[in-house]
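Next up: some structures, all given as structure tokens.
Two complexes follow with chain A in common, the first pairing it with chain B and the second with chain C.
On to the complex of A and B.
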């Protein structure tokens, strides 16, 4: 039987190293074919925001192609594809009211909106849960 | 107006941003004429260690092609004629020996920080 894990994320993109750490862990689990449930809460809803756009970098003296700026929604799509390739799955839910507060509702298609009910169902139905909370300062 | 920027919060989304956003901002305002220097303090003193290497980030099939290179960005800041100081005590807390620090960075003992601040019109703490 496949291992199933829930991850709860809280940090917005481009704000902390916790986000990349979380995605690294999800990447490892996806490569192992685990069934993964992700609940993006508070600022983390912006990770899946489809309108994120790359830009050039005047300090690096790179044009937009050379800079190849990371876009977290692309990372999420890539993680989703990896999970499927390895016969696992990722169900990624963005907290609807968190998105409403922030004016974010345009998510990549491999994610969906949801509520605290989804979070509780994820926690109740998976083998374990890892909460990657935000800073207290 | 001479400004000293104290950087004390490192590794804040450096992989997503492909740089440290405060070092980036100091470069950008130096470009438009700001007389700004930097001191690496607290955990940010780690930025001054030689040989930082952030290559290898991959999610699924997506690999980062242009990872952050904080050493490069500090050296380029020095090349502008700006100064980069580093707190000796912070290095000690991080277990980084002085010999491991990038050439060109100026070590400052903690008891000399006030005199350093006094040489500037503004001191910003990030």
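On to the complex of A and C.
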């Protein structure tokens, strides 16, 4: 039986290295074929926001392609592909209340909206949980 | 007794840094196997320095102190520049701890 883990994320994209470290952890677990449950809470709901757009960098005279600006929603899609390739899974839930507060509802298709009940069910049904709180509390 | 892993991501000038150090000490005093895993700016404390000294002292109490190799590289800290009490480690160890059912807390 596969190992299952829950991760709770809280930081908004582009604001904290915690998010990058968290995604590295999820990537490691995905490569092991684990079944992963991710609950994106508070600002972290914006990680899966589909309207994130790459931009050029005028200061460095880079066009969009040269700048190759990272987009977290692309990382999330890539993590899903990694999990599937390794016969694992990722169920990624974005907190609906947090999304409503921030006007965010256009998520990449490999994620869905949900509530705290999802988080409770994730914690109850998986082998272990890591909560990665915000840097501001 | 339980196995605890504390993940510390902030630098030595922040309050959370000392809170994690204190928590690690308390857990160890209660008899728990305790590991402190440094990531991001916390790895700055892996160098021999007054700021990192409290972490180095933890190892004498039986607490393992590890530093994420990737975070060390990002900050230009070479293994040879690290305090000998602290070891470089792969982030895989955190996933190992989670998979083994250890209590993993991110300060």
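Things worth noting here:
Criterion: the second predicted complex is superposed on the first by the 135 of 137 C-alpha atoms of A that agree within 3 Å, B and C clash if a C-alpha of one lies under 4 Å from a C-alpha of the other, contacts with A are read in each partner's own complex, and residues count from 1 in each chain.
Convention: a residue touches a chain if its C-beta (ideal position, glycine included) is under 8 Å from a C-beta of that chain, and two chains touch if they have at least 3 such contacts.
Values in this document were obtained by computation on a predicted structure and should not be read as measured data.
Once the two structures are overlaid, the count of chain A residues touched is higher for B than for its counterpart among chain B and chain C. Of the two partner chains placed by superposition, A:92 touches none, neither chain B nor chain C.
In the superposition on chain A, contact of A:17 is made with both chain B and chain C.
Once chain A of one complex is fitted onto chain A of the other, the partner contacts of A:49 are absent, as it touches neither chain B nor chain C. In the superposition on chain A, contact of A:39 is made with neither chain B nor chain C.
In the superposed pair of complexes, A:107 makes contact with neither chain B nor chain C.
By the touch criterion defined above, A:119 lies against neither chain B nor chain C after alignment on the C-alpha atoms of chain A. Contact with chain B, but none with chain C, is seen for A:78 once the two complexes are overlaid on the shared chain. In the superposition on chain A, A:62 makes contact with chain B only, while chain C stays out of contact range. Touched by chain B in one complex and by chain C in the other are residues 17, 24 of chain A. Against chain C, in their complex, chain A makes its touches with residues 3, 5, 17-18, 21, 24-25, 28-29, 32, 34, 127-128, 130-133, 135. Of all residues in chain B, those touching chain A in their complex are 11-19, 24, 27-28, 31, 57-62, 64-66, 73.
Across the complex, chain B is touched by residues 13-17, 19-20, 23-24, 27, 30, 57-60, 62, 66-70, 72, 74-75, 78-82 of chain A.
The touching residues of chain C, when paired with chain A in their complex, are 9-10, 39-41, 68, 70-71, 91-92, 94-95, 98-99, 101-102, 104, 106.
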